[in-house]
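Next up: the structures, one after another.
Shared chain: subunit A. Partners: subunit B in the first complex, subunit C in the second.
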Partner chain A sequence: MTSSRAAFAAILAKDLRSELRTLQSLPAMALFSVTTFVIFRFGLDRTSLSGSLAAGVLWATLLFAAVLGINRLFVAEREEGGFDAIRLAPIDRSVLFSAKAAALVIYLLALELVAVPIFALFFLHDLGGLAPLALVLLLADLGLAATGTLISSMAVNSRARDLLVPLVLLPLVVPLMIAATGATEPLLALGGPGYHRFGTWLMVLGLYDLIFGLVGYAVFDFLLED
Partner chain B sequence: MIANASQSSAMPPEQEKAPDAAVAPAIRLAGLRRDYGERTALDGVGLTVAAGESLVVLGPNGAGKTTLLRILATLLRPSGGEAIVLGCSLPDEAWKLRGRIGYLGHEPLLYRDLSGRENLRFHARLHGIAGAPAEARIAALLAAAGMERRADERIAELSAGMRQRLAICRCVLHEPELLLLDEPDSNLDAEGRELARGLIGPGTGSTRVVVTHDPERFLPEADQVLRLGIGEAAAVS
Partner chain C sequence: MYGKGLRPLSIATVAMLALSLSLVFFYAPLDADQGFIQKIFYLHVPLAIVALVGFVVGGVFAIAHLRTNNRKWDAYSYVSIHMSVIFGVAVLITGSIWAKASWGHWWVWDEPTLVSFLIVFLMYATYYPFRYAIEDPERQARYASVFAITAGAFVPLNFMAVRMAQSLVHPRTFGTANGGLPGEMMLVFLCCLATMALLWVTLVKFELTAKSASGQVKRLRRALDAPAPGAASRIAPEVS
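== the complex of A and B ==
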């Protein structure tokens, strides 16, 4: 058996190299989020947001931008025979789940590097909450990546892939989004960041990550069967 | 030596005797069946292929040739019957076979946005070959396939014949014991066919199963021939 670490590194490097070369996911995700912020800015006719409204605008935008990347996560494996190659290799198939989830986390972090500064520029007067927000973003990204990778691998064989991913994914990530907005709300409160129930929401995020990470890792092997 | 391998008689009489215990067959099938929903794609296939032998599979479109190959490659589960490949019973012991099979299917299993060399490096790493040994093996295979000069171009920019040459390199990269080849000459020119013969021909010493629509080309190198028909019993000769 090839070591899981070597297989993980090979699949992740392949995915990142392909994305850097073709830019099929990241530019679309970034453009979507920027456009949505512009629409919110003029639609709400507000130059500043705070509290729950700011958290809602931020997370709704990031979630739907993430769906664009999740939709395409397994397209190369499906269309170019990657699934067969993985199934023929002497590796633990769950490594594919880990590597794809890691690739998605990297895409989401790259998206947030673009989207969050623009969000701050458009809507925030107080930037003090951005540093702790990074922790919320990371925990929510891990959960989104675990669930998104699982759903994407199931939907990729369907012709209705673009419909199926949001249809199945969005209800599953409702708890994650509630926790993410709950943790973000006090950070973006009017008058500076607060930490009311911040720790509780972080624990909910961590628990979600753990559950969906383990479920994905456990069932992924069966999803690759014919 | 021609015999029917029907549903009731899984193997030709000459092959029904117990194999030499010291030399286990590379492939042993008995009553192998595969259904796709209501449709039966493969039924009652039985044969024994010794290590190092070449089996050529013939039959019209839709006879189940590719299905048979994908079952042997562990990419499809059989619906019934017995399949033992390299001593491993399918599908239960399929995991033991990974890395021991070289599979060349209709798709090259190469990523379009990576170069040929990058694809081969990726597959080498999946098979536990890395560093200098991987680079040496890849260089040798690219030279043997006549692809050194085009190895750093993206797969999307290469012709179908060149992709097939690279797919052959990928198939033998990890020096498999069993080669499963689905129309290996497709898209290859005369030079490509000759070069491919050096990599996946009978001289490699690997057990081979070759699916083809070109019997004239492959029958001379066959130790056994399996003829699959639509709605007919499979026949081994």
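== the complex of A and C ==
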């Protein structure tokens, strides 16, 4: 028990340290999301957004920025032999799944810490919805991390790596996006945040997190065998 | 060995198809509201149910593959998903025709069942490029099984999320306590459902037989040292 907790901490710390030193994912994700906001400003020809349009722009941008990070999640493991090391180490292999998913959650939270304030600065008049939005973001990040880690670990071992993540991940996260935009839409509505069906959507997000967290944890072992 | 019993099964399927179609056209009462076009219901709904069940069955075979490590189950899982994707194309086309006839549009976005089915279909359509991208056959089989299990868990969740997001227009055939279908229609419907399930099983068996035969031919050729004519499929799993 303690050994897998130690392994989890070690892998997570290794990932965060290498990201901090190389900065290969996070700056790109943040830059991508800011540029996408600018593109939406001209694509929609709107200088302020609210309701469903705001929710759609925010979530589409965050999702595509997340795909960038998910694409790179296991590249170092594959190129530098991290997979072999995990296979050799006397630890439970599912630890790699939970550590990578935790690292991805931290990346996504860091991305949102940059992207959401800029989104608010660009498009929103009323900032009252941002505090409850944090809860939606956190729950959606957990689900995105579970499916993202699973798909990324498979895609990295294939010929078509960068192609496979968006191709397989996007249909898989449709329910997550339905729930996240459903919860966000009333929060960013014109004239103050509303909470129409907020609890229901949070429950759907929680259910998604639970199911794909469990599925990922259960099947991840088979992805590392060789 | 997969070919055993294929002939009686095919004959039974053809007989059931003929029986179901004649029941649909000559026995089932005309719908008071929609008239003749409602008959597409007897094709569309059974196809959809069989396709969705087929996807889940593919996931169950995938679990069997991961548990036993027997490549046979991977072939079963592949063929199940393959056949369900083909059925899925038919579901989308018949659904579109029905929507045009009864609601006036080929595609209706605020209609949860149609949209959910499209998302599930798109999900499973990525199964092919996904398999194709992995070269090592061992690993391909394992990853495809993981995909099939994940997607199998995704099907019910997706239906729930889409249904919650939208208004309710689609006829909820079995939502109410006593089905909402008159007895004669229910009988014809069940007959059609059995026929479609039988058709699915027959086609799956045909594909498995064909794969097993071509696998045997390939092995014999290799034993004789003769080159294979044309490239073998790189996506489909081999059956021994």
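Here, the second predicted complex is superposed on the first by the 224 of 226 C-alpha atoms of A that agree within 3 Å, B and C clash if a C-alpha of one lies under 4 Å from a C-alpha of the other, contacts with A are read in each partner's own complex, and residues count from 1 in each chain.
The criterion applied here is as follows: a contact is a pair of C-beta atoms (placed from the backbone, for glycine too) under 8 Å apart; a residue touches a chain by one contact, two chains touch by 3 or more.
Note that the structure is predicted; figures quoted are calculated from it, not measured.
A.B. asks: Pick one for A:172: touches subunit B only (first), subunit C only (second), both, or neither.
C.D. replies: After superposing on A, A:172 lies in contact with subunit C but is clear of subunit B.
A.B. asks: Just checking: does A:67 make contact with subunit B only, subunit C only, both, or neither of them? Give me first, second, both or neither.
C.D. replies: In the superposition, A:67 touches no partner, neither subunit B nor subunit C.
A.B. asks: Answer with first, second, both or neither: which of subunit B and subunit C does A:18 touch in the superposed model?
C.D. replies: The first partner, subunit B, only.
A.B. asks: For A:88, select first, second, both or neither according to whether it touches subunit B, subunit C, the two together, or no partner.
C.D. replies: A:88 sits against subunit B, while subunit C stays out of touch.
A.B. asks: With the two structures laid over each other on chain A, which partner does A:10 touch: subunit B (first), subunit C (second), both, or neither?
C.D. replies: Touch status of A:10: first partner only.
A.B. asks: Once chain A of both complexes is superposed, is A:225 in touch with subunit B (first), subunit C (second), both, or neither?
C.D. replies: So A:225 meets both subunit B and subunit C here.
A.B. asks: Going by the contact rule set out at the top, does A:215 touch subunit B (first), subunit C (second), both, or neither?
C.D. replies: second
A.B. asks: Identify the residues of subunit A that lie in both the subunit B contact region and the subunit C contact region.
C.D. replies: 225-226
A.B. asks: Which stretch or stretches of subunit C touch subunit A in the complex?
C.D. replies: Listed in rising order, the residues are 66, 119, 122-123, 126, 129-130, 132-135, 139, 142-143, 145-147, 149-151, 153-154, 157-158, 160-162, 164-165.
A.B. asks: Where on subunit A does subunit B make contact in their complex?
C.D. replies: Against subunit B, the touching part of subunit A is residues 1-3, 6-7, 9-11, 14, 17-18, 21-22, 76, 80-82, 84-91, 225-226.
A.B. asks: So in the complex, which bits of subunit A are touching subunit C?
C.D. replies: 147, 150, 154-155, 157-160, 163-164, 167-168, 171-172, 174-175, 178-179, 182, 200, 204, 207-208, 211-212, 215-216, 219, 222-223, 225-226
A.B. asks: Mind pulling up the subunit B residues that touch subunit A in the complex?
C.D. replies: Spelled out, the residues of subunit B in touch with subunit A are 73-77, 98-99, 101, 103, 105, 107-114, 118, 122-123, 125-128, 130, 154.
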